[in-house]
Amino acid sequence: MKQLIEISKELLESRKAGYIIGYTEDKFHRTKPFIAHTTNDAEKLTFNQKAVHNLAVYLTRLPKPKEGKIGIVAKGCDIKAIIGLIQENQIKRDDIIIIGMNCNGVVKDINIDYNKENSQMKCSICELRTPKHANYIVGALEDFAKSELTKNILAEFEALSAEERWKFWEKEFEKCIKCYACRQACPLCYCEQCIVEKSMPQWIDSSPTTKGNFAWNIIRAFHLSGRCIGCNECERACPVNIPLSLLNRKMGMVAMKEFNYRHGIEPDQPTLIGNYNTSDKEDFIM
Amino acid sequence: MNFGYYPGCSLQGTAKEFDLSLKEVLKVLDVNLNEINDWCCCGASSAHVMSHILSVALPARNLLLAKHRGMQNVVAPCAACYNRLKVSQHELKFDEKMRMKVEEILEEKISNGVEILNLIGLFQKIGLGKIKTAIKINLKEIKAACYYGCLLVRPHDILKFDDPENPSSMEEIVSIIGAKPIEWNYKIECCGASHSIDNTEIVEQLSKNILNDAIKHDANVIVVACPMCHSNLDMRQKNILKKYPQQKAIPILYLTQLLGLSMGLNYKDLGLHLHYINPVPMLEEKVKVEEVTI
Amino acid sequence: MRIGVFTCHCGENIGRTVDCPAVSKACADFPGVVHSEDYKYMCSDPGQNLIKQAIKEKNLNAVVVGSCSPHMHEKTFRKACSDAGINPFQVEIANLREHCSWIHDDVPSATLKAIDMMRMMVEKVKFNGPLTPIRVPVTKRALVIGGGISGIQASLDIANAGYEVILVEKEPSIGGHMSQLSETFPTLDCSQCILTPRMVEVYQHSKIKLMSYSEVENVEGFIGNFSVTIRKKARSVKDELCTGCGLCVQKCPIKKVALSEFDEGLATRPAMYVPFPQAVPNIPVIDRTICTYFKNGKCQMCKKVCGREAIDFEQQDELVKEEVGSIIIATGYKLYTIDKKPDDSPIHGYGEYGYGKYKDVVSGLQFERIASASGPTSGEMLRPSDKKVPKKIVFIQCVGSRDEAKGFSYCSKICCMYTAKHAMLYKHKVHDGEAYVFYMDIRAGGKMYEEFVRRAIEEDGVKYIRGRVSRIYQDDGKIIVKGEDTIAGVKVEIDADMAVLATAMMAQTEAPKLAQTLGVPYDKYGFINEVHPKLRPVETSSGGIFLAGACNSPRDIPDSVAMASAAAAKALVLFGSDMLEREPVVAKVNEATCAGCLYCKKVCAYNAVEAKEIKDRNGNLIKVVAYVNSGLCQGCGTCNATCPSKSVELLGFKDDQIYAQINAFAEV
Amino acid sequence: MEEEKFEPKITAFVCNWCTYTGADLAGTSRLKQQTNARLIRVPCTGRIDPVFIIKAFEKGADGVLVSGCHPGDCHYNTGNFHARRRWIFFKQLLDFVGIDSTRLYFSWVSASEGKKWVDVVNNVINSVRAKGPFLGYKNLNKETELPLVNKN
């Protein structure tokens, strides 16, 4: 990680970067988000296969530095979120310095060490092990046998009847305690006031009733339709283990199938929602 | 380049020279034609007056055969064949009932998708540029009256080929090989083909008008892309000359023959000896065998 | 909240299938309702008075009326209520007639539905809140685009009403196609003679600012407040100095190079030219493409002879900004020229007619020039090729019109008439000549039109042949016209001396571009669309922009003039008030919660949403938010639905209003 | 209640310029239809937020119909295009969580299609009636003791 630290030091020293959003290791050997303000801080920066968090989430949550840009350590997949934010006028490319990390896959749970079996599903289908759009690219690629997706979860799930699907989600959403960890962990949930906090009218019951939970989780997924970049942080953050990625992946499929679109690939790419095509499909409209 | 090939009856009989010259020319342009095996009548002239369904089913069968051979496109040099194939394809596309009937007859689902090309369309596909490069002989003395007749360009909403009232695609080809297409008035007048057998009177009258207008605008050859046109203007010309002594003769060439000449192919290979009005004297006078750079 | 509910029987219309008294009674128990009654005709004066009365007595602050469709009487009831002191936007209509009584038979269920509908509206109105109509000032000046007869008429009408007009014409002179015509049907009076005075009037009118040889470059703003950029093309002549003596034109040595646009290419014009003698303004233009000075810096003859030193070779295009409140489009038409010019025309058939190939096959407008006293033959009937008098002439109608195969499917409307006129003019000048007309149908709808055509046939002996022409070709000096007579069912072959093609009227080539600049829709032919074909024929879908003449569809002179006056009237209605009132149904942004993702900006069809920077005292950027320009906002609410945080709301259809409706239906 | 013949509740969100006017036309032409639908008028389909639809279901609708101008006819030029793209996602999302196409309907009905409107409405009502009440939400309502729905 020398390279990472050197680059960071240089950036901070020269004040090219006001601070750097990166990872560090705590005393339990868990890799965690860490903001380096000084060159000493920079010494603490690290990157490894436990560097799970998508740090892009902090770009819209932290105050802008007094001087210099925001430096950020990012995996290829995380950068999609950064590009997404650029597409949605949340940040300017020139205001950030991306230190892209060559990635050999990350672990499901930061409390355990990495091995092929416990790598995240997104890693098994990763196309961005070498980051795009980065100012620097750091670290070495080791050959990484993609653990193939064992089964197509979506297809399996869609085989169920509408009633069965409803039952499934009823059971899942029952658990939801409306802690909004999913929202907080999501790099693309940057609204100052989330719709769920809007009363007058209260579109979504804020009380954790199954009904309100349905509304919340449906709308959350809908607001991320054509925007979710699949970092899966929401699901990881969920304390009651609702399979949120199922919803997100479904919407991702729709974006792919109907519009051949993925969010966060190119900064100047027009967004899906907010644009239209006169030939969009409408076979479902009477 | 590869094309499917539907010769049709004429090119095996009265228009043998058309078939010959086409193949010779394509050889030079290294384009191969894959003949549809076991092709049958296209339903022109007889079928489509006797039985509508038959006139659609016959071409449909040929197109199916082409599809089985995995052909993207089929060249039908004979304008009548071209016309029938196109019309049939069109009807099957837009007439649900008809399609079902025909599918029943052919015992097979019909899927349009084979592109049908007439002679000119073929050359356009090959690319006029490519043809240009194959030119060896100077034809600048040749003043050609391009005669389209009816089947090549009509009905326009089905064929969608060139301007039905004032076509010009043949002139383009003729001029790129260095011959001079003339401005004349009868390029799409009726030659009477449909009465070719039963009422030669009419045919001779109509054909004579066409020949005369060409001669009047001092053409030294009439160029055609249709066996029917050819037989009427060439074969019938004999009688016309007999009937009207003051009438001048004018040779009738297939577009492919003219192309062949410009490529320096020999008369025999192009079947120039198979015409009633012998073009050779004219050609010997007009065609200068010298290297050209176009 | 003190809500009054009023249920209308609409005579029997609602009463028959909806038990109005029951509805009224049910409504009385809705929370917030302090008054409920039903009446035979709520829209009638007594009905409205009931409402006003109730408002006063029970001091209501919101009203729901159960009646016919809001599209019928919403305005009526809003008016009534605001007269009685309620904000008009605190009024809601439940559509008990079109959406209930008229579509159901079963009284009980219809009544239940009616009650639901009323409840939904009662709940909605609770959240309406007062709104004030948006008032925008009106700039009382008009821009008229196009100086043909339509533009001239519209300009004069508006100017004579006392308002300023800017008349923009792209050619060096106004007058348009009408100035090219010889005589006009059905009266056969000379076109120039009736037009020229109008042109002069325009020129001298104190309220009309004439900008010839100019084009509209850009238009911004909205009804009542357009700001227009006009390109004044370089004339190379200082118009303020030029007296129009015409010496420069006489002396210009480049005489024979350019074909005269005005004479439809039948004559030539100098490099320094005025389109025609009666041109307005009578100021020449240098055609820089052919002028020797501009080509090789020599000559300058015009400069030498000009006593006023008005010639200015260095002159540049200048961009002029104008503020106007209304725009009238009167760009007219162009005639379809058949000689293959695929580039500037969507169709290019009819090569078989030999237009452009044979000199003696001419278009309708060319024939006008030949017949015109001011034309190249000074009115003598001579054919272009050899200047001989054509003894046999053939007129062919519907060339390009009513022809789906090769032309446009529409009818050009004027050809039947002007062909009859042409034939007549010909016969009047060549008494022993033969005139043939090939036609499909004769469409002579209009005052004295049919009579006119009959006159051509019966008195002047023009031979009308019903049928199309297959081809025209030249045969030793003759123009051979081959066609068929579909009535006699025979082939016809006429060896004429000349043929005149009544070619289709088509949209100006630049029309679509202009339409885009103005943001008005146009049809597939490029004609500008009216907003309603029957009831709003001179209005476009964008407020304040009106239509006149052939830019909308083929039209003859009387129709164009009528339309021009109508458009002028529309503009004047606009100018009648100082302030413009618009329904306040517009979007509003809550800047506190807006995250500035600007998806709303992306979905807005009117560019009404812009990014707005919020800065602190020291000018440091705090954040970027969306801002809605209520002048441009049309109130579709797409932004509202798109906004993930609901930070933009559409007044009149706010989330809480709709929520209340959804709620009210369910809680039965 | 339960014994009673089930009558579905249909909430319909319609745009002011095409479908609402089309429905007016149905009225003026006295085209009879069933009484189950309640219309909510919005300026444009572009205004229709998916939360409306969820809320309608929450509040006991057995079916929801959304209708507006045909593509190209939108009074606001592009509103319905943006709406359509939203629906492509939302429809499949709802289907995914178990609110399938037997509950949620979309249609284009122009101001001149009074007849079409009647057919659309009747079809929706019939197929929802055939499908039966939407218990999914109704049970949740019971669970959360919100006012019971559907006891007309």
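In this document, chain identifiers A, B, C and D correspond to the written order of the chains, with residue numbering beginning at 1 in each.
By definition in this document, contacts are C-beta pairs under 8 Å (C-beta built on N, C-alpha and C of every residue); 3 or more make two chains touch, one makes a residue touch a chain.
On a predicted model such as this, the values are computed, not experimentally measured, just so you know.
Colleague: If subunit C were absent, into what connected groups would the remaining chains fall?
Modeller: If we ignore subunit C, what remains breaks up, so that the groups are A, D | B.
Colleague: Please name the chain that ends up farthest from subunit D once chain centres are defined by their CA atoms averaged.
Modeller: Max centre-to-centre separation from subunit D belongs to B.
Colleague: Between B-C and A-D, flag the pair that has more C-beta pairs in contact.
Modeller: Top pair by contacting C-beta pairs is A-D.
Colleague: Please work out the Cα centroid separation of subunit A and subunit B, and write it as a whole number of Å.
Modeller: About 65 Å separates the centre of subunit A from that of subunit B.
Colleague: If you average the CA atoms of subunit A and of subunit C, how many Å lie between those two points?
Modeller: 52
Colleague: Suppose each chain is reduced to the average of its Cα coordinates; what separation in Å results between subunit A and subunit D?
Modeller: 35
Colleague: Going by the touch rule set out above, which residues of subunit D reach two or more other chains?
Modeller: Answer for subunit D, listing residues that touch two or more other chains: 55, 78, 82, 86.
Colleague: By residue number and range, which residues of subunit C touch two or more other chains?
Modeller: In subunit C, the residues touching two or more other chains are 603, 642, 655, 659.
Colleague: Name the residues of subunit A that each touch 2 or more other chains.
Modeller: 195, 203, 273-275
Colleague: What pattern do the touching chains form: line, ring, star, complete or other?
Modeller: It is other, because the touches fit no line, ring, star or complete pattern.
Colleague: On the basis of the stated criterion, which chains touch which? Give every pair.
Modeller: Taking the chains two at a time, the touching pairs are A-C, A-D, B-C, C-D.
Colleague: Over in the complex, which subunit D residues touch subunit C? Could you list them?
Modeller: Contacts found on subunit D: 9, 11, 20-21, 23-24, 26-28, 30-33, 35, 38-44, 46-49, 52, 55-56, 59-61, 75-79, 82-83, 86, 118, 147, 149-152.
Colleague: Looking at the complex, which residues from subunit C come into contact with subunit B?
Modeller: 349-352, 357, 405-406, 470-471, 473, 475, 480
Colleague: Enumerate the contact residues on subunit C facing subunit A in the complex.
Modeller: Touching subunit A from subunit C are residues 592-599, 602-603, 611, 624, 642, 644-647, 655-656, 659-660.
Colleague: Which residues of subunit A touch subunit C in their complex?
Modeller: 88-90, 190-195, 198, 200-201, 203, 223, 271, 273-275
Colleague: Under the definition above, what is the set of subunit D residues touching subunit A in their complex?
Modeller: 50-51, 54-55, 58, 71-72, 78, 81-82, 84-102, 105-108, 120, 123, 136-137, 140-141, 143-144, 146
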